[in-house]
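Both of the next two complexes hold subunit A, though its partner changes from subunit B to subunit C.
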Partner chain A sequence: MQRKLMLVVMAVLLVLGAGAQEKIIKIGTLFPLTGPVATAGQRCTAAVETIVDIINGVYPNLDLPIAKKAGLLDGYKIVLVKADHQGKPDVAKSEAERLYEQEKVFAIIGCYNSAATKPASAVAERLQKIFMCGASSSAALTEREFKYFFRLAPTDRIESYEFVEWFQELNKSRNANIRTAAVIYENTEFGKHAADEAKAASAKAGIKIIADVPFTPGATNLNSEIQKLKAANADALFGAVLGADYSLMVRTMKQANWKPKIAINYCSGYQDPNIAQQLGQDGWYFMGSAGYTPEFGMRFMKAVAPVEEYFKKKVNVPFDSNSIQEAVAMYVLALAIEKAGSLDTEKVAEVLRTTTFDSPLSMGGKVQFEIPGGQNIKAQSVISQIQNGKYITVYPYEYKDGDAIFPMPGW
Partner chain B sequence: MQSDSIKRAIPWMLSLAVLALLPVTGLLRGSFLSHVLVMILLNASMAQAWNIIGGYAGQVSFGHSVFFGIGAYGAAYAVTNLKMTPYPGALAGAVLAAVLAVIIGYPTFKLKGHYFAIATFAIVEVFHRLFMIWEDVGGAVGLDYPILKDGWRNFSWSRSKVGYFYGALILFGIIFSLVRALEKARFGYYLKAIREGQETAESLGVDARRYKLAAMALSAAMAAMCGAFFAQYNYRVDPSMVLSLDMSMRFVLITILGGIGTLWGPLLGAAILIPLQEYTRAYLAKLGPGVDLVIFGLIIILVMQFQPKGIMGMIDAARKRRRKLAAAGNEHEGGRQ
Partner chain C sequence: MGLFLQVLLDGLWSGLLYGLIAAGLSLIWGVLDIINFAHGEFLMAGMYVSFFLGFLFKIDPLVSWVASAAFLFLLGVVTYKFVVKRTLGKAMAPLLATFGLSMVIKNFAMNRFTPNFRILSGTIMEGKVISLGQGAVMIPVPNLVTALFSLVVLGLLYWMLTRTRFGWAVQATAMDVEAARLMGVNTERIFILVFGIGGACVGVAAGLLPSYLATHPDVGSLFGLIAFMVVAMGGFGSIPGALLAAILIGLIESFAGFYIAPVFKYVAVFGVYLLVIMIRPKGLFGW
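And then the complex of A and B:
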């Protein structure tokens, strides 16, 4: 009798166990974890991971709706499936296919390099799956009018117009006399687009481009490129130079003993806190766009600091403009899933297309995607300058931490 | 004689037929496995194309990514700029690659050994730079495919890899059949003779330059066809994707790993290297950045250390050992009697 009872209990437990399936939502991250911009890719992955930790746990100290309860919907936990595209478009494409079709991820967040984001997000569009893009800035990405692609960062076009507006403001308020400009850029999807936008925005403002200097990323020597810039000696320099190439560019400028009046950079090595630290004083007085700086965050984005503490435990540096955009991508996706109340891709995509999200982790505090295309039209960036090792916001004036040091002091 | 060659062709045709039946078995349902199989067939075809000039003719070229790139750009240009199907572009790419191979080969074949290899290195760099600044083909940004209707007309399949699998199998079948035929043809013997000693071959009346140029042209055209497939598969081409030393090394590495100058070496090399590369990247990347590459590199070092003649060398050595043992066994038996 006892044996029979045991068997019945075991059978019931088995049935219950089978019914209680683990509630998980798989999200893929696709970043360059190896290759020339590996550290940036690793920071982006860590940023997404930080938000996932917050979603899956309970963090009453954080001022974010997703931190107050564990998981999404009715107890779904997020599991990240991390992939490495090595900075190669073909690898990004095949890894995106693997993540969607083999790993069955609900969405992918990535890919940092615009050239990798392009084919990976095309896979998503063909499969009608959601692709969240944090930091890739090529304007071409949102000009494809995809339906399942959502990009958080401002485009290089928005940044170019902001840069030129800043030059004009300096001309007006500081008598800067910026009339000519040069562009140096890595010859890739990102660099080429950024340079084209810089040229277009400059032309509209009557600033003449007098040197156009592309280079192959991963360069070991930029002497001839910098000599070309020195010979042209433009008033302003636009730079679209990633990772270690940025350090090389700054050091070569020092060797050549040349600086323009103002050097301004797109989403690039300029924004990397590790590179800024390595360059020390050599990196001071350069300027660039910034979607976030710790100094700016302390004043205008107070919800970021406690989240940043968890992020720092993973990578030992604060958020930078790129990694925070990937964190926001995960955050907004989580909000959309909650609002849709389901894991139906169409429903979640529709929420992403039609909702204006409150995003305390974003500059400006809001996220809204333009349809078609998927560009976050609330994306903002400021112009910062490295002064005494810190990123100081100098423009727009309503956000400024300090005055710009202009022109750049010599070496 | 003719019936002999038909007999020899039967196992080869049967193998292709078995491969063609793979999708029916449902094995290709898992997308990643089918991706790996497509990559094996493509890379085996690429390596075999290189094997014609590098293995059979003994001219180690590091410039094959140029021909591969021309094929890729041919197909992509036809689709993106001319709004055509990829086939005329792929064909034009193959012809152009063959012509270019002759133009490149004519002066560089005067160089011998390492000098020829070094010259081909430089050619990759020249073409990479050229395509970087050539705005008609997208410059550094390259050419991106629009979203096309699936099917053979566009050679594009977004929801299943079965179409690509058959495409790769056709490419593989053509290139391997060609090299199979070449092995038994006079042209193949001439190439082998040139590899073993150009002066000796010439003294016997073989026009070395002519045959090397023909081999280079054939090899380049085949590499270009592989490039066209690569562009169709990735829906994109840019100079760094195809016209790189990395890509050139892929041609060489797979052949050397499998067994240079052998018919089955390229297939064996691809069958080992590609799954290793794809699976280590996919499943070991999470152990930490670069762990997959470390493991991948270690395995290659071990194989090359153990058997520099590649996998085919290992198989040959194992066969010889077995024969020796059998012979020794027979002798022993004979001694007893």
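And then the complex of A and C:
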């Protein structure tokens, strides 16, 4: 009798257990957790984790709809399956296949490096699965007209035109006389595309590119690269330089005793608050695009600060322009699942294609994907400059925290 | 002319740094006939020692290189005792074991110190530059000091190998272990010390590097690769060969990077390496 009772209890537990197991949504994260840009990848993963914590729990102090109840739909919890592509496109492709086909994830969020996002999102498209891209900025990604690819960040093209518009504004208001430019970029998908966009935007504005300097990421030195730039001595410098290469670039520029009038950077080491802090005064007066800075957030994105506190507990730094885009990617995907009321990929993708989402974590407050392509057409960025160790928004003027220091003071 | 001289000096500084990193590898390769695949990770580990001494205790790299060298001497000895010795004479085993060790060290660093880039600021040499010809040629002091250290360490190593009884014993062991043993040389002790000294050499470079290079778990990868190339090109076990090959590589890198295209600099370096190895497989000064 006792044995029968035990069997019944076990059967009930199994059924309940199976039922509980079904109430999960697996989401894959695919970032460079090792390799030269691992810091950025780990922060992006932590940003997604932060939003997942908020979705799965109850956070009445946060001004986000997903924070008010635990889970999505009728109690589904999100479980992250984390993967590492090491910054390598081939690994990104095989990991995307593993996540979709073996781990059975509902969607992937990634991959930071445009070069990795490209093959990983092609896997998603082939399998007709959703791919949410937070920070990869190569414009080519959304020109493929994929149906299941959605990118949050502004593209290099948008940023390039903003940079050149800023040069022209400086020419007009500060008599800057910016007529020539040089480009330094890592020889990767991201770097090459950024450089191409910089050249195209400059050409349209009549700014002549007089030095084109690609380099191998993770180089032991950047001496000849900086000597090339110094010899050309352009008025402006576009930089697409990630991670430790950025600090090496700045220090080598100092060693060569060269600075242009203005140095402006794409999504890069410039945006890493740790690098900016550690470079100290050497890193001051450089400029770059920013989708978020804590200073900007305090004024224009007030919903971010309390979320950022949870993020800081994981990585000890505030959001940067890249990590916050990955957080928004998870946030928007959660909103889409809620709105679709189902875990049917087609239904959720359709919601993503047709809805304008309120996003308090985004600059501008809205997210809307352009179809075809999947580019977030509400994506905005500002231009900031590091002054006294802080990221100060200098352009567009309606968002500015302070005036730009121009030209860059010498070393 | 100023520009040419600048490119030449930049190449020279890089070359001498590569020489200092490669010297220990050359010694180990020459004597034990094995490749220490963890050499780049040794460099990284030494850089962390120097970085943390600077960051936590404000000890300048000009002093902390001693600690890096001592730490890597010990790491070299431990590596020999617990990894290499157990695999010696078993075909590819030592090579694969040191490769495994490189993964362990790199992932340990990743796990303990995170992949964050760590830049040491406020060092004595930071940002110091000697300007010649009204700024036509700039000599960065950290690079100059590293180059001088390289010359001194390589000189000492060469002197030790050619002018001391220990050095003769090392050479004898490298040529024929059995014969050296029969002549009364304690070859086991030689192996231990060679691994230790090899580590200490890269430790000197590792101690000085944080004064101008960010420390992170991947920092040793390309340096390690270039060090293998320097050793193979210079000749296994030859210190003058390693120095000459390192300077050659530094100059090729600098001139190709500036006069052809920056992205071409490593292509040129690896291209010349291939050519040298094809023409003279023993390297320029191989034993």
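FYI, the second predicted complex is superposed on the first by the 389 of 411 C-alpha atoms of A that agree within 3 Å, B and C clash if a C-alpha of one lies under 4 Å from a C-alpha of the other, contacts with A are read in each partner's own complex, and residues count from 1 in each chain.
The definition used in the following text is that a contact is a pair of C-beta atoms (placed from the backbone, for glycine too) under 8 Å apart; a residue touches a chain by one contact, two chains touch by 3 or more.
Treat the numbers as computed from the prediction; the structure is a model and nothing was measured.
Taken together in the superposed arrangement on subunit A, subunit B and subunit C clash. By the touch criterion defined above, A:214 reaches both subunit B and subunit C.
In the superposition on chain A, A:170 makes contact with neither subunit B nor subunit C.
When the shared chain is aligned, subunit C comes close enough to touch A:247, but subunit B does not.
When both complexes are overlaid on chain A, the residue A:279 reaches subunit C alone and has no touch with subunit B.
Look at A:231: by the touch rule set out above, it reaches subunit C but stays clear of subunit B. Once the two complexes are laid over each other on the shared chain, residue contacts for A:411 go to subunit C alone; subunit B is not touched.
In the superposed model, A:192 makes contact with subunit B only, not with subunit C.
By the document's definition of touching, both partners, subunit B and subunit C, reach A:38.
Of the two partner chains placed around the shared chain by superposition, subunit B is the only one that A:115 touches, whereas subunit C remains out of contact. The intersection of subunit A residues touching subunit B with those touching subunit C, taken from the two complexes, comprises 33-34, 38, 42, 187, 214, 216. On the subunit A side of its complex with subunit C, the touching residues are 33-36, 38-39, 41-42, 187, 213-216, 218-221, 223-225, 227-228, 231, 243-244, 247-248, 251, 254-257, 272, 274-275, 278-280, 282, 411.
By the touch criterion given at the top, residues 33-34, 38, 42, 82-84, 86, 88-91, 93-95, 97-98, 101-102, 115, 118-119, 122-123, 125-127, 140, 187-189, 191-193, 214, 216 of subunit A touch subunit B in their complex. Every residue of subunit B that touches subunit A in the complex is listed here, in rising order: 30-32, 35, 132-133, 139-142, 144-145, 147, 158-159, 230, 234-236, 238, 240-241, 278, 281-282, 285-286, 289-290, 292-293.
Subunit C contributes residues 3, 6-7, 10, 13-14, 18, 107, 110, 114-119, 121-122, 127, 129, 131, 135, 138, 140, 143, 212-214, 216-219, 221-223, 226, 253-254, 256-258, 261-263, 265-266 to its touches with subunit A in the complex.
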